[in-house]
Amino acid sequence: MPLLEIRSLSKHFFRLRAVNEVSFGVEPGELLGLIGPNGSGKTTVFNCMTGILPVTGGRVYFKGEDITDSNPDGLYHRGIARTFQLIQLFPQMTVLDNMLMAGQERKGTMLGRLLSLDETEETERALKLLEYLDLSEVKDGLAANLSYGEQKILDFGMALMSDPEVILLDEPMAGVNPTVIKRLIGYIRDLNKQGNTFVVIEHNMQVVMSLCQRIVVLSQGEKIAEGTPDEIQNNPLVMEAYFGS
Amino acid sequence: MTDAFQLFIAGISIGSIYAMAAIGFVLLWQTSNTINFAQGEFVTLPAFVMVLFWTVLKLPFVVALLCTVIVAALLLGVVVKEGMVDRLIHLGVLPLVIATLGLSMLIRYSLQQFWTPLALPFPPIFSRTAIKVGGVIFSIEEMGNVAFVAAVTGALQLFISRTKMGWGMQAVAQNRHLARTLGINVSALVLLTFVLNAALTAGAAVLIAPVYLVKYDIGLGLGLKAFYAAIIGGFNQIRGALLGGLLVGVVETYAGAYISNQYRDAAVLIILIAVLLFKSEGIWGVKEEWA
Amino acid sequence: MTRRRILALLVGIAVLLLLPFGLEQYKLYLASLTLVYLMLAIGLNLTLGYAGQISLATAAMMSFGAYAVALLVPVRVPFEVALLVGALFAFLWGLALGFPALKVKHHYLAMVTLGFNLIIYLVIRNWESLTGGSFGINAIRRPAWGPLHFTSDRAYYFYILGWTVLVVASAYWILHSRWGRAFRAIRENEMRAEVVGVNLRNYKLMCFAIGSLYAGIGGALFAPLLTYIDPSAFTLDRSFQFLIMVVLGGLGRFEGPFIGAAVVTLLPEALRASEGLYLIIYSLSVILMMAFMPKGLVTFWDWMVERVSGGRPGKAKAISVEKSAAASKSK
């Protein structure tokens, strides 16, 4: 059974059909790529899946349960994490605080979070992750002061803090230099090997083809192809969508 | 039954004045994210200025009105926009809100201290003679108010929907950044909005002064009513502010007549809370979606 | 907390303890009033500065505490119980208002609280049999613990100080707990906060309700300070006054309410000499302060602290190490 699945998902903005009856699923442990030319609706699909935008039609399922139009915080507790195309951090908080924030709502009750000041366990986790991501040195700096690449990695790290079952990455490589790209590919591969499920939106074809086991292609709001990297590369519809006929 | 209808007319009459202030308020909010807590004082000040030009200097009515509108446009439009709003607008809603609170106090207490704490009489613009139409009695003043406001609102609506500047204002209201990148001079349009607001409040001042008299603190109640009208009617449409103002005027008049004077405000407040709970964008407003 | 901060804190407390012995009656009253306003400002700062919720209902919440004390103490209810009743009533109303109001967007909450404040004012003014209407309630008694009476101005100052310490300490706790982090996250990037599991409604609701609780406590201590209350103390203007206090002091900063309460309470007094002009100078000052120090007077405070300690406490360590090296060189 797919871990995360959308069926006939549609999102209309008045007369603009940003997403039109798109269906696909990601199996546990899979690394799925979501690609398509600009404006094909990829981020909108993510936003619908993660409760940021209300859907116009269709359903979203997680482990078989209908989670359509849930609040984002509910999805977090179910184990769905995501990053954003335009980096979304807490700029005036320190890097460490950003990480702690991303992990603190995971366990316990709200009242417990007020009454207990002890955060040693969470802090250790955060520090370990920061070390893994090579961000230990800047842990006490403000998130706003990081370089773009470092911010992207922090965004990624925050998605990991909640120990999620599935991680949705929206253009994690956009605008970063090749060194950072390599680092990110390394992290994603590592984590996928350990059993984490990923859905990745990317424009960088090399990254997608080498990283993903399966790819879904969108064009103008519709799904036009689905298959292994080889199948996609040789699919004439995909060529047409990207380069015209 | 005719009683109720007469009250209705009276309500529409005063409501249309509230509507003018409410429309200006909404325009400011839409184009420049300014919650103008001094909107009431934007009516009080031109009222005093009109007293100066018309009663004290005894200029002919139209000349006095023109001078008042110009003074209002300069002080409450240009000076406020360039001197205060421009400085604070990029810092978010709150510093500007506090500044307008300060401005409201400044205008109010300056008028009290430097002019007079007493209420000044203001001769009515339209005659107060009553006419009887089919058993219903209403005054020329009431008709005059409604006609004036209808004309002004109609002109404003035409301006916004038919002229290039009007389209520019709509563009800025919907998406500032985009408007700027399309080459629209956002700053100039915001200035225009402030000037328009000043003209609207000056107009409201001239209409309401005969009813409320001219006193330094009339702005408090008026500002609140403009607020209510905008929220109840619909914060993001001129039509909403207009209908909201009329509704406030009518409800207030009926409540004052059928319940008691003390509960006039309460009736409006209850509608306000109901609107906020059940249709937060206002009765005639349009829902804005999360980006 | 650093050694320097603890020292500063002790000095501050010492000053507050010694204050009543050096001040004559009116100035002591001002000091007590500032402490009461501080509690209200801390509450509003929580709601407004940390959770970004505009509340104009501060005066109404304050009135709950004030009238609770004024009405219950004469019928043999212990003062502290009456205070807690009033504060709890405010807390519950905070929950009741916040619950639906948080469905609506940012600025609309201001309208709900504005409407609420006005309705409460009307109710207080018209329910004469309960509240005495416009005539208010007189001869409000100050607390007493058996033989220990807090009736004198000086004694009551210490009583207020005790509650202030409680409020400040609890606010400090809240803001340094995980709730505080969640509040800051909400303020900085609400959407991202939700995506990392922050239940926006619950946290905002708590902010609003706790802010109202503090306002209730402040109101309960306010009534015996004046020994007389009437509806005119709880108008919309009063809510605006606290709004100004919090923004002027410095939104979302712990020091903000201290500065704001002190300035807003004491500035009109300092200007009193100018007679009729003082309100004008006051309002002009508000506008100018917003124009030149929009983040609040805490900016000035930060600058002073930086000068004194040669480095910015709490910011990136690298920067402060450099600055204190430079500062010690220039000395």
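Quick notes
The first chain written gets the first letter, and so on, giving A, B and C; residue counts start at 1 in each chain.
What we mean here is this: a contact is a pair of C-beta atoms (placed from the backbone, for glycine too) under 8 Å apart; a residue touches a chain by one contact, two chains touch by 3 or more.
Note that the structure is a prediction, hence the values are computed from the model and not measured.
When chain centres are defined as mean Cα coordinates, B lies farthest from subunit A. Compare each chain's C-alpha centroid with the centroid of every protein C-alpha atom shown, and the nearest one belongs to C. Each chain gets one centre point, the mean of its Cα atoms, and the points for subunit B and subunit C are 33 Å apart.
With each centre defined as the average position of its C-alpha atoms, the distance from subunit A to subunit B rounds to 48 Å. Distance between subunit A and subunit C, defined via averaged C-alpha coordinates, is recorded as 42 Å.
In subunit A, 52 are the positions where the chain touches two or more neighbouring chains simultaneously.
Not a single residue position of subunit B touches two or more of the other chains. Those residues of subunit B whose C-beta lies close enough to touch subunit C in the complex are 35, 37, 84, 87-88, 91, 93-99, 101-106, 109-110, 113, 224, 227, 231, 262-263, 265-266, 269-270, 272-273, 276-277, 280, 288. Interface residues of subunit C, counted against subunit B in their complex, comprise 48, 54, 100-101, 103-108, 110-112, 114-116, 118-119, 122, 126, 236, 240, 243-244, 247-248, 251, 276-277, 279-280, 282-287, 290-291, 294. Residue ranges of subunit C in contact with subunit A, taken from their complex: 173-174, 176-179, 181-182, 184-185, 188-189, 191-200, 202-203, 206, 315-317. Against subunit C, in their complex, subunit A makes its touches with residues 50, 52, 71-73, 76-77, 81-82, 84, 88-93, 97, 100-106, 110, 113-117, 119, 140-142, 145, 158, 161-162.
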